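What follows is a pair of complexes built around chain A, which joins chain B in one and chain C in the other.
For the complex of A and B:
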């Protein structure tokens, strides 16, 4: 009898000991990046950021090994759709990180809702993903297009005392949203946008646009993505333009800043991240990136890195158990990281982080160009000061937002 | 006498393989890939009508895919139409568009025709990109639910695969019938000898225009299925790369054959979606494969494979007479 009892108790013990071991089977994370086409440079930075974070956690989060499956969407919406199916249906991904471009994220939006797969966006900034087309399975680890540029409009009017500004921006949704948000706060603070120029994404030469700029403006606000900032700023200087330039976050992003020269010096921009932010957490991060890849981290690097930290934080909240997707999603929306490269992180109820926005000025420091922080707007919401309800009443920012006067 | 029988048996084997595919392949992912191939094949078939049988090389064929997709999604999700009316209007309007495009493009032939189709395609892309109140700009249009025709649940990948396969079958039948018809025969005549056809009293322009519109109609069908499959459309569907990719399918598979575009579509879709998961530089691989095809089977995969098979069959060990005839044939070719 005693013998039987011992046997029984050891069996129970063994079962108990086995239980965590079962939970510790690898967690499959699908990662959508871009390795071919025009967006490949951003895709590579995303991979670097993600790898850095994975290495930091030694490939393990909340006691579970992370099995990372990478897919190349080629920056095309239809391919992104196939790839997300591949990740979820064939490879059994339980959580997704990606994709890079907003139009890719929108292309897979319905599929995410259908399959109820939690997804963390490391880069796509389209406003409506966390606003008017809210997806309960979607969380974003970066700022929205407008989030960083509402403060810049106010700063330009109140601190820089500009009265008249001309806007030149990439002619696609990201450019439209940035331009409109800047215009809104700038004009509400007494400024006036006198001109809006839209250049196609693949403009080879900005001369025709630069010569159209009204000579009476106080400054030019240039909102570019990808490598367009490099082309625009160097041609702007070559045309002998003297007016100061304000930039969007991506116009002078660290990812391309390393390829610029003196023409970028003095450009004032705003962003939810700068490699020059002077906090211990960011210094550590920047050092690690510089050591591993020999360059400052930019938009995509920090976006993917933080998406991975979001995952880690949420996994720790649910102790590595994501069998209950609703509970995991709740944890993901409840992410709370007190110290990170871009400051303390908390999400609003739309799944969008509330971020510290910095006003930065390009300066040459330690032999390289840096976005030196000159002012910080703490805890900025995606709705700026308007409040969610009022903000969501107006249509999404577009090309046709209040015309220039 | 032997060859039609073997062709028939080969097609039968192919048909059976396509039908039982969902039982052999259990992963939903591969069934979805097969649906994509079928949709791409319909588009490639319709382009093949122009390129292969009409000798009209078009670089604007994405227009029909994109317009039909945009229209069906817009009509059903935003304008409040039902699925059936939305689909019918989308196909009707896209065919109407093909009538206008045909009228414009057929004013020229050869390179001029190519440039006009390219320009028309780019205009549509520009409209989709810019007219964001209607098309959603580069964010595209989404939110389409797949319909439930005759109580079928098209959300199920296997059902959807059969649904698409039915359309592919009808498309193949229509193409085959078209080629045997007087119109199809005279289309080939206008390809080879436009002036002689004209002299014989045929209305060359009308023959080409009717074929152009027929191709546009099947492009629209592909577009509708594309919209149902992706439940989303963005300017990418109208982009030049989509047109070029379709042309690549036709050329790689074999222009002027019935099965060539289907094989070409399978090749490109598999490379783009499946192989790319293992090989990062899959575009280079696609280029290499295309170069190899051009070097060894310049007529395309399907006619090329037929030639190789025939050469094997007629090798000296089996039949001496056939050997002679094959040499003669090779000489004369």
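For the complex of A and C:
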């Protein structure tokens, strides 16, 4: 069996090496998703987004057939590591799309560098992957944690005129990065974060946190991932809390908004995407998703869809020939999509998209909850207005970035 | 002062949920010596079943019965056809229940998808109860009430009824109980059904507070284990006191020492196991 495998892989390698113009052969794309465990909902939405994009291109990009190989990482870093090896070494994936979670992306980071496999992230938002620990083979098709929330901090201070805000956030990197970026711009514009509460990712119930919120604040900024936004908002209401809630992009993401009720109405959040963005490109996309899956697209659906569009855009630049990996990576970093569900998308030299960030407010429209756009900050960089050099000098946003005053 | 009252109520409410979960676990272990690691999965599955019933238009209170009933049937079947074959092999039983927990968890993802789902609460219990500027959700007060009523009912069942006498006889000496003519086989089924039903109904009852999501099972199971070990395995009083202790530690601990929340939760268990391996109210050692 082992002999057979070696023989097989040598044959495959030989074929690959000998092929003069591989343009006719299918391109093997490895896709890492999550089908089991706590992150399965996001994984399913990613698969839906990807499938929609593949169907749009009729399974063909730049004249090459796309051979999609899907692997289930179960949302676990160790499994992600095994699966990425299988995809690359056994299945011969030439480009990767995935994985879902930031800790998975970090777990396979070394392997990606070693094997020099181009990878497009449809979801993982951890800052440093496109900043201080730049991976030359990594391109992101979504915003970073802070990218969407620098504008919200400014908006809360300048437009909403809030002075004192309490933050409650998931106690892991994503929550820390969001909270710190919000705090930075909010305080630079005259606001003050008076309290920071960190709840564990698997907090069973939020009662103990909600009852600690300082009653004198103007608003509460709640930064949650996964399904925690659902739990928090409904309990917030049950405890009779009246202060307005600001949310992170994922607190009221469309993926979970469909499960919420009146408690979510009025929540103002920010993000690089809302299903309610009123452009022809997005309307077409939302309609397609609603038709195929009966729900509005959110973070994961659009992330995977865009990762696939990035691939298409880069493949067209190199005319489907990825034998020169450096040239292909250059094309990936050069992706320029003037019309997409996000709006116009270009990448900076770190492999991170520059995106329009919208401020959204949850309203009930057409019989369902939607993130209605109330303001747009055009072409926002991952470094906000600080500039790359100055931004990268300070350490990555963390839990203790600046204590609450 | 307000802080202590409100966090005390929070602790009481969470402890009440834990009691409903842990009492079933403790009951099953006490009589049958089965460490049922599927108990968290029963809790989650019960919540999902109840949610589907509510979405189908069933009243919340009936949904609790449906959730409990469905899990009772499931538990009884598993006990009859799987666990009973493994009598006397505790390790095999533990592993089987763990395996069943995984199967239930993935089946739930398959049927109900991975979306987190809040269970709608009955209208009559929505909203907050206010005294001066203190506010506390009415539903949680109700859950506290349920736990106390349940504790009293279980106490009556175990200490004052004929069934309870048989169960106690079985816990104390199974062979002797059998020799006295108690139909232990039927007794096992009844107890397993009751324990499972408590988990299932508890899941529905907890739904409006915790909501249902993949991972609810693994979030709750360790807490049930801590409660039972702390209180003393197989002791109803132990489960009750243990639940309240853990509930208070959970809420005061998270509020006062947020960075140590998990350590504070498990430290008492370690201390109790070291100093008094039978738990606070347990009779026999593990």
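Keep this in mind: the second predicted complex is superposed on the first by the 383 of 405 C-alpha atoms of A that agree within 3 Å, B and C clash if a C-alpha of one lies under 4 Å from a C-alpha of the other, contacts with A are read in each partner's own complex, and residues count from 1 in each chain.
One rule holds in what follows: a residue touches a chain if its C-beta (ideal position, glycine included) is under 8 Å from a C-beta of that chain, and two chains touch if they have at least 3 such contacts.
All of these numbers come straight from a predicted model, not from anything done at the bench.
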Could you look at A:36 and tell me whether it touches chain B, chain C, both or neither (first, second, both, neither)? both
Could you look at A:212 and tell me whether it touches chain B, chain C, both or neither (first, second, both, neither)? second
Would you sort A:202 into first (chain B), second (chain C), both or neither based on which partner it touches? second
Regarding the shared-chain residue A:81, is it in contact with chain B (first), chain C (second), both, or neither? first
Could you look at A:71 and tell me whether it touches chain B, chain C, both or neither (first, second, both, neither)? first
Could you look at A:259 and tell me whether it touches chain B, chain C, both or neither (first, second, both, neither)? second
Looking at A:226, would you say it contacts chain B, chain C, both, or neither? Reply first, second, both or neither. second
Which of chain B and chain C A:240 touches, first, second, both or neither: second
Dual-contact residues of chain A, meaning touching chain B and chain C, are 36
List of chain A residues in touch with chain C within their complex: 36-44, 197-200, 202, 204-205, 207-209, 211-212, 215, 226-227, 230-231, 234-235, 238-241, 255-256, 259-261
Give every residue of chain C touching chain A within the complex, in rising order. 3, 6-7, 10-11, 13-14, 106, 109, 113-118, 120-121, 126-128, 130, 133, 135-137, 139-140, 208-211, 213-215, 219-220, 223, 250-251, 254-255, 258, 261-262
Report the residues of chain B in contact with chain A in the complex, numbered from low to high. 27-30, 32-33, 36, 129-130, 132-133, 137-140, 142-144, 155, 230-232, 234, 236-237, 272-273, 276-277, 280-283
Within the complex, chain B is touched by chain A residues 35-36, 71-72, 74, 76-79, 81-83, 85-86, 89-90, 102-103, 106-107, 109-111, 114, 126, 128, 171-173, 176, 398-400
